[in-house]
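Naming follows writing order (A, B, C, D and E), and every chain is counted from residue 1.
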Amino acid sequence: MSDQTKPRIGVYVCHCGMNIAPKVNVEDVAAHAGTLAHVVVARDYKFMCSNPGQDMIINDIKSLGLNRVVVASCSPRMHEKTFRNAVKSAGLNPYYFQMANVREQVSWVTHDSMDATEKAKALTAAAVSRVFFHQPLSTREVPVIKSMLVVGGGIAGMQSALTCANAGYQVYLVEREPSIGGHMAKFDKTFPTLDCAACIMTPKMVDVLQHPNITLHTYSEVEKVEGFIGNFQVTVKKKPRYVDMEKCTGCGTCMEKCPSKKISSEFNEGLSFRTAIFTPFPQAVPNVPVIDAVNCIVLGKNKKCGACAKFCETKAIDFEQKPEFLTLDVGAIIAATGFQAVNPTHLEPYGYGRFPEVYTSLEFERLNNATGPTSGKMVMKNGQIPERVAIVHCVGSRDVRHKKYCSRVCCMYSMKFAHLLREKTGAEVWEFYIDVRSPGKLYEEFYNRVQEEGVRFVRGRVAEITDMTDDPNDKGRLTVVAESTLTRRTVRLPVDMVILSVGLEPAPGAEDLGRLLGVSRDGDGWFTELHAKLAPVSTPMNGIFLAGCCQGPKDIPDTVAQAMGAAGEAIALLSRGMVTTQAEISHIDPDLCIGCKSCIGACAYSAIGFDEARRVAVVNEALCKGCGSCAATCPSSSASVDHFTDRQIMGELERLV
Amino acid sequence: MMMYPLNSPDQGIVQTVRSMLQELLGKKLADAVLVLASNPWSDVPMPTLFTDPDRMEGVDPLAPVAPVSSARQASALTRSPSGKTVVLVLRPCEIRALIELVKLNQCSLENAIIISMDCLGRMENKIFSDEAKTGPGITERFLSSPELQGKITTTCSTCNDFLPENADITLCTLGAEPGHMGFEALTDKGKALLESLGFKKGDDLPKRKQDIAALADKRSLSKKELFDATALQMSTIDGFQTFIGRCLNCYNCRTACPVCYCKECVFLTDVFAHPPELLLERATRRGAVKMPTDTSMFHLTRLSHIGHACVGCGQCSSVCPSDIQVADMFRTVSEKTQAFFNYTPGRDVTEPIPQLVVRNGKRGD
Amino acid sequence: MSEYKPKIVALVCNWCTYTAADLAGTSRLSYPAEIRMIRLMCTGMIDQKYILKAFLDGADGVFIGGCHPGDCHYIDGNIKAEKRIGGTRNLLSQFGFEPDRLALQWIGASEGPEFQHNMTAFVERITALGPSQVADRMIL
Amino acid sequence: MNKASKPNPFTSISDIATINACIQCGTCSGSCPLSDQMDHAPRELFALIREGEYDMALKSNTPWFCVSCYACMVRCPKEIPVTDLMYAFKEIITRKRTAPKNQKMPDMYRAFSRIIKAKGRITESYVMALYGVKHPLDALKNIPLAVKMILRKRLEPKALSVSDPESFARLFELTEKSEDKA
Amino acid sequence: MRICFYPGCSYASTAGYKESTEAVCQKLGIELVVIPDWNCCGATVMFGENKLRATALAARHFALTQAMGFEEIVTGCNACYATLGKAARLLNEDAELFIKTKDVLQALGLTLDRIPKIRHLFEILTKAMPDAPSERYRSLSVGAYYGCQLTRPHQFLDKGGYPEILETFLERIGFAVTDHSARTQCCGASHAVIYKDECRNLSARIIREISDKGAQIITTICPLCQFNLDQAQTGDLTPRIPVTYFTQLAGLALGLSATSLGMNKLLVSAEKVISRP
């Protein structure tokens, strides 16, 4: 520890152009730092992070034999890496370096420049007394497993899986439903180009199924995630399909023969029925049915039946199937769990659930879809074709009592519905909106086209939908009540059908997956990205990325773009092949440890083992994330986190007060 | 309640206990006995590990003295399974400390027989040796003379946990006629041992309940007075500084403390070995700094480490060269800490240590 | 003595509160300069010694900022901190340090304004409490 | 003097700032039973105040048509306390006497308030009579109904009253002096 | 059971609300302890004139109730329920207002320390009424009308727009119930009295909806709602459907006579409807 006893510290105070300098008297701070023990040189410079600034440090290290560097400038979250590399390039261990944040936490937030300068001095002095106790550390390179996991088989999951597979990496795609496709599989047309969802998505689904690098696990869920960036061990639970996937040819006979037919179809939003053995929709991928264990006469009610087994030529039905657990070793994880439409039942004024002719947008999508309950004919529950339809925007969205955010896609799909209705039924279509939001490419053009098709736009949020009518011959119709704010009158519009453009919320189960992956969620339940603008697809958990609506409501173009982005980040990680583990991890001094195991109890990652022979605790460096819980629990400080040791922190405290 | 009364032990209480322990070894009911015993070189009986009954003539567990907390010795003895059955004769506070050490994976009570006693308190070593000089049978004299019983330490005179928990056998003197005593079995193991030694079950000692209650009330009252006064003293920084004014950072109190279990105290490591310029800087900031430094830091940090585990044995006060009543401070503060965590040290070996209850109540192993 | 300016140490976690502090900086949300901050990887890393040392060195207040429960980057570091800091506050309150001098708040990474509000409120509360009893005493 | 710099008469209302959150969506007007009678629907009244049109707001009949049914308040997507604000506006308009002359409700309020001050309790017939002085036509229109009420012994000839109206009336003086915020 | 009752100004002149409430309570052994020397709660007027005065008018009863040793005030009128509730909420939330109100009441010789809970008579009877006392009215289909201020603005008792507690109560005590959408539509309240034409179709729309949906009788829980819906049918509006108080139906279910429930005071007689089954 020779250089430990003779530290030679260099202090550099940055002007950061006009950001620090006028408010903080940088010359004063540098001068004050110069008076501190072991400080050999103290300078101030306009832009420390610039090349000349970094060169100044490098030259001082070489010429003055500095073995400690302190830079008082911006937040270490911004430029710690930059300066560490500069120190390293001068041949000094990059951890003999400490920053003092005198911009975000001093000059930008303090009125009085006297106070700001005093605070800057104290922070710089504290950094100097901390760096005195710094020790040389080195990061370790750990090999990255060249495969990845994608959770969620909607368009986002499929796209990121395909992009990564095309880059030559092994991808495991885990989807909870019997088939991939997600919400997009439910749509007929998609805005703004009105091309049909099935036509553009089914080829992708088949690609995913047949891609040599993609292993598809449908009807499966993630149970547990362990390990760290580049080396995750994921436990997946494959729910029993009761159908042998190898033998099944997808002929569909079993579905015809199944006697219990009165089960509400989730895929068709409850507008039609399905059998106990079913595939969610005809183009399901994989085209292998599952048996719904609750409603199946054999499995659910354990009575005699077995019709499906009897008629299955390839004998693929297997009532004895049990859940299967398998462990996947992956280097990166992409969460693509998508969204769920808001259920408007609790939004009282809209009367959903009370009035049969009030539909949600997803229900209308199924009505309009050729594979839907009405094979695409626009027929209401009462069998009639609607003559006048009202489409209600912002149902549940932009409302502090429900979802305070704008769900971003409802205006566009509402206009798509209006177009489809006009085209298919010629019905009078009214859209009640607050603001039409059509920001995307060709979106405004689509809005104009729908206006030209005679859709009537009323600017006013619907206050109430009721079956109370004023004019007797409107009996049986619904009345939409809203203020038309542009004509300053209350509109009471009798209509035959109402479509509620419901907002989006996180998919059910997102909270559990978030806890498994260690990814936090914002107030509304969407996964929190690392940086809203600059890192939208990565998360604070290294090696875990986000794609699609699970990060926030977005339309298909943005979802696909983000899916490719997330795949790009994952590929970047995997292609590096190695990942540097952080240097700031814990270790336990065997001479001080008395084997009380307190640290083992405190470790959230079970990263500390116990050496029975020597009766001491030992840190598994691969699993340790450097959170310091063990260090804070250990009374003798034999457990301590490198770069955050007691001496360093208490050293910093010494001059802070 | 399984009481084995001895109405008129012919050889007196000390000899009765001594021969009982000798028979445990003699009859191979145990392989060794750790018990307080006098020896020719010390005027104060010391914890001694016996394997040969014939060498046990100095055994005197009821002597009103405890030069060191036997918990630490008992822990060393049971640090790892020795395959031997050891009898540990400990005071109630020493048992509580031992149980805390078990929780810290320092030892185990598997094949240990614990014998304890109605603890009437102990004298400081010096006072005991002076009294022992004045005549023979200090223990018998202590048991029967309230005046001698008044000479116990402040800690013991304010302790109301004088009856043992988690022991197999208790040597009962409270409530017995003068010169008489009884053995009480608290566990089936204790019962079997006493009966195999030929003791006969009987009814409770005549005035045991009243005597225990009386002593408990007396001690609780004095405890409350002491704790209130100490709490008041500690409630201001000046009070606290005055209290530890003469502390030398010798860390004796840490060494004597049975539950302060670190192999090497952090205050002895380089974390507190401050470089000269740091000390000079501290001095410049306030104009002056008492040396050695970090005295307050030491006591507060130690309190934060074992505040929940302090069993109130008073050894820290006994060993302080500056006569600081460290135990008063530690017992007063830890009473509130233990209330805060709703935790009682030594009550139950399965009750996890509060700071470590992190994940839904179970401590990771 | 000039108008009393409290000395306050803030121990904050890198992932949430320190990020919120930076966000308060970039949004120019000013708060009193008496706050002096130390960046730690997690509040679960805060040893009770650091808090005791800060107060004994003359700090009038110690503010600890961490992630909201459930958001901790290390799963439950903040929950461990909450229990430990509760114990420390109980200890310090017996030595004449008002409990309010040691604060623990959850401030998320995106809560710049909340950070500013918390800082200003804490400085006001400490100023109201007046200088710590340690003040400029020569503490042993 | 441009309009914006004129003093805002509504600042005394404690939660007036909530109208800044209004996105002009019209839910309140759509939910209001009598919005068709109002010169400015509640949504529009907030817009006027925000744009500094204080005189128009003070002269508006909107608050006087508020039946206090709270339908707007439970549905407002920004949780603006519309009904409470209407009460606050009425208090300011009454104090500044800027209610539109043709408005009947202020006169009804004044009659109602005077009867409470005089008797401590309300008797519909007395209120109708006092109000009728200003609006005889309305009073007359209610005569047939009054007759039916008398036939069914539902009109109290004698005015209801608290035991000691004089001391009760002091409540009005005590609350008069304090010009507290609405 | 003793309840501290606040009658309100319109209680006596209603179409039998007073008689039916007292008859039913007497039958159920509920003692109505009327607040002596109660005053008008200020209804929708006073909060539009002077906030402190409106609060003081209401708070005078809080002081009186406190003196009587009760923890709750029960009232049968939606306007009083809402106004007393608003005053109670303001006093709990605004410390400054509480002090000022306390001083005003002090000057009137009353002390105010605690704010009682405000309850509607309906809440009391839902607990006190026994199940289906008689099967006589099982086929009489009732349209329950809540008015605005029972479930708004605070949706403590039930949802604000489409509540169900009155229907549940009526079915439990032996009536058939009509599902309809006008449960909390506004009847025009006090405006209907002086703006007859403008508010005419408010009540008309409610009556038409309830009768179209097949109800034979309407029941309300507020004097002003009953008055408006009742008198709205004196003109040319058909169909005629009697508008009663829920306490009158409760009385019928308990076997009390129509006259003892003051049903003779209804403008649209309920005679035929309740005698038919």
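In this text, contacts are C-beta pairs under 8 Å (C-beta built on N, C-alpha and C of every residue); 3 or more make two chains touch, one makes a residue touch a chain.
Computed from a predicted structure; not experimentally measured.
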Task: Neighbouring chains shared between subunit B and subunit D, ordered by label - done: A
Task: Co-neighbours of subunit E and subunit A - touch as defined - done: D
TODO: Return the chain whose centre of C-alpha atoms lies at maximal distance from the corresponding centre of subunit C.
DONE: E
- [ ] Please flag the chain sitting at the greatest distance from subunit B, going by CA centroids.
- [x] D
- [ ] Identify the chain pair with more contacting C-beta pairs: A-C or B-C.
- [x] A-C
- [ ] Could you grab the centroid distance between subunit C and subunit E? Build each centroid from C-alpha atoms only and quote it in angstrom.
- [x] 54
TODO: With chain centres taken as the means of their Cα atoms, state the distance from subunit A to subunit B in Å.
DONE: 57
- [ ] Averaged over CA atoms, how far is the centre of subunit B from the centre of subunit E? Could you give it in whole Å?
- [x] 73
Task: subunit B residues counted as touching two or more neighbouring chains - done: 266, 305, 355, 358-359
- [ ] Specify, in ascending order, the residues of subunit D that touch 2 or more different other chains.
- [x] 71
Task: Contacts with 2+ other chains: residues of subunit A - done: 349, 464, 602, 604, 629, 633, 637, 646, 650, 654
Task: In contact (per the touch rule at the top): chain pairs - done: A-B, A-C, A-D, A-E, B-C, D-E
Task: Of all residues in subunit A, those that touch subunit D in their complex - done: 349, 394, 398-401, 434-435, 459-464, 481-485, 488-491
Open item on the list: Looking at the complex, which residues from subunit D come into contact with subunit A?
Closed with: 23-32, 35-36, 41, 43-44, 71, 75, 77-79
Task: For the subunit C and subunit A complex, residues of the former touching the latter - done: 7, 9, 14-15, 18-19, 21-22, 24-26, 28-31, 33, 36-42, 44-50, 53-54, 57-59, 67-68, 70-71, 73-77, 80-81, 84, 109-110, 116
Task: subunit A to subunit B touching residues, read off their complex - done: 37-38, 129, 132, 591-598, 600-604, 606, 610, 629, 633, 635-638, 646-647, 650-651, 654-655
TODO: Spell out the residues on subunit D that touch subunit E in their complex, using ranges where they run on.
DONE: 33-34, 37, 63, 65, 67-71, 73-74, 81, 83, 86-88, 90-91, 94, 104-105, 108-109, 112-113, 116, 120-124, 128, 131, 135, 138, 141-142, 144-145, 148-149, 152-156, 160, 162-164, 167-168, 170-172, 174-176, 178, 180-182
